[in-house]
Amino acid sequence: MAVEIRPQAFDPWQTMQHYQQQHIAPGKHGACASFIGSMRDFNEGDDVQVMTLEHYPGMTEKYLEKICAEAKSRWDIIDCLIIHRVGDMQPNDPIVLTAVWSAHRGAAFEACRYLMEELKSRAPFWKKETLQQGERWVEHNTPL
Amino acid sequence: MAVEIRPQAFDPWQTMQHYQQQHIAPGKHGACASFIGSMRDFNEGDDVQVMTLEHYPGMTEKYLEKICAEAKSRWDIIDCLIIHRVGDMQPNDPIVLTAVWSAHRGAAFEACRYLMEELKSRAPFWKKETLQQGERWVEHNTPL
Amino acid sequence: MTITVKFFASLRERVGKGEASLTSARSVSLYDIWQQTANIPMPDNTLCAVNMEYVDRNHVAQDGDEVAFFPPVTGG
Amino acid sequence: MTITVKFFASLRERVGKGEASLTSARSVSLYDIWQQTANIPMPDNTLCAVNMEYVDRNHVAQDGDEVAFFPPVTGG
């Protein structure tokens, strides 16, 4: 189980591959479900040039660790990984990766979805968008 | 949209990354949900040494293309990708990859799950396991 | 009329062949085709396809059809 | 008792500071703490945490607590 806040750009696929090689026993998992959230170059009808992600150092990690532990207690999963970007990012940059390994697919799919929903609804991160006409804080997340 | 049957081992993460670079317009998708199914070294209490996957050339591809088209009509998704291994494989080898790109996470999660459930319940693939004590055909898929 | 018949996976092994050809003067259902080409009773869970689309065993084949019989699928 | 107070994101900008310290002779709720450290009314959707756990604004702080105020979260 790993939770990481990254101030630099990251490659979500390579990150998953490395994590699996280093932490998941070969031949034991049949399923890996993952989600990658990336920065779009538009939001609410406006072009977004830069996005800045702020977090609450300490509480964010604690909250993400808590939802990983909760996922492990609710579903029969082997391991899970959450990476979240902070700082300034460009359109198309990956923002978040959640990945779950399990023996069977049901648990991996459900736990991966759970991690993302909990992360989006409660983890202390805040997005600020830089538009042509200035900056704005994103007021709320899309529910789905 | 791409469907591919692979007779050789493949790297699912690299495959997704390449597909995204080549086919998904940068900055337009906010979500990529994926599932990787891998060969386990045990099944129903027995050690499995080799697994051989047979398919119905022509019908398998046609069926997978059909479920991709169905996913595109049901959810607001940008693109989807299915890769499935055939032939002889070793424990830990990736068997299947389904990936879905969309603007928002709900559609990506749901369509990715849909592709896997449809693939497992109806796509013409058959697994044969080589155990210490000989070969056996897998009789049915786990429901979840 | 001529029909191509394919058997896959455990059914291929149990029937002892992967492919057969059937010439028939009258129209035949998939179940008839099985009986004329396979030497064992059709297992209850056999899946049937015509021209690579699922059909049931009562489906009547046409001249030139590719018919396939296979066990429950186990991909993914 | 001494309490550390943090403001994040748009609240940090609106309040005009990221951190404050409060010394109080009596026990104080988070809402009291906001009123004594921020110069604007507390927005209805403000989220509150004590020692990095969510609590509501009526929660009473203890000596040495780290209290945080922030707007609805928008990560992921």
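Should a chain be cited, it is by its letter among A, B, C and D, assigned in written order, with residues numbered from 1 in that chain.
What we mean here is this: a contact is a pair of C-beta atoms (placed from the backbone, for glycine too) under 8 Å apart; a residue touches a chain by one contact, two chains touch by 3 or more.
Note that the coordinates shown come from a computational prediction; the quantities given were computed from them, not determined experimentally.
The greatest centre-to-centre gap from chain A, using C-alpha centroids, is found for C.
Between chain B and chain D the centroid-to-centroid distance comes to 48 Å (mean Cα coordinates, whole Å). Here the CA centre of chain C is 72 Å from the CA centre of chain D.
In this assembly, the C-alpha centroid of chain A lies 23 Å from the C-alpha centroid of chain B. Counting only residues that touch two or more partner chains, chain D has 76.
Chain contacts: chain A has residues 37, 105, 116, 120 touching two or more partner chains. Interchain contacts (touch definition given at top) occur between A-B, A-D, B-C.
Residue ranges on chain A touching chain D, taken from their complex, read 37, 53-56, 58-59, 62-63, 84, 95-96, 116, 119-128, 137-141. For chain B in complex with chain A, the touching residues are 11, 13-14, 16-17, 26-42, 91-92, 103-106, 108-109, 112-113, 116, 120, 142, 144.
Listing the residues of chain C that touch chain B in their complex gives 6, 8-10, 13, 47, 49, 52-54, 68, 70-76.
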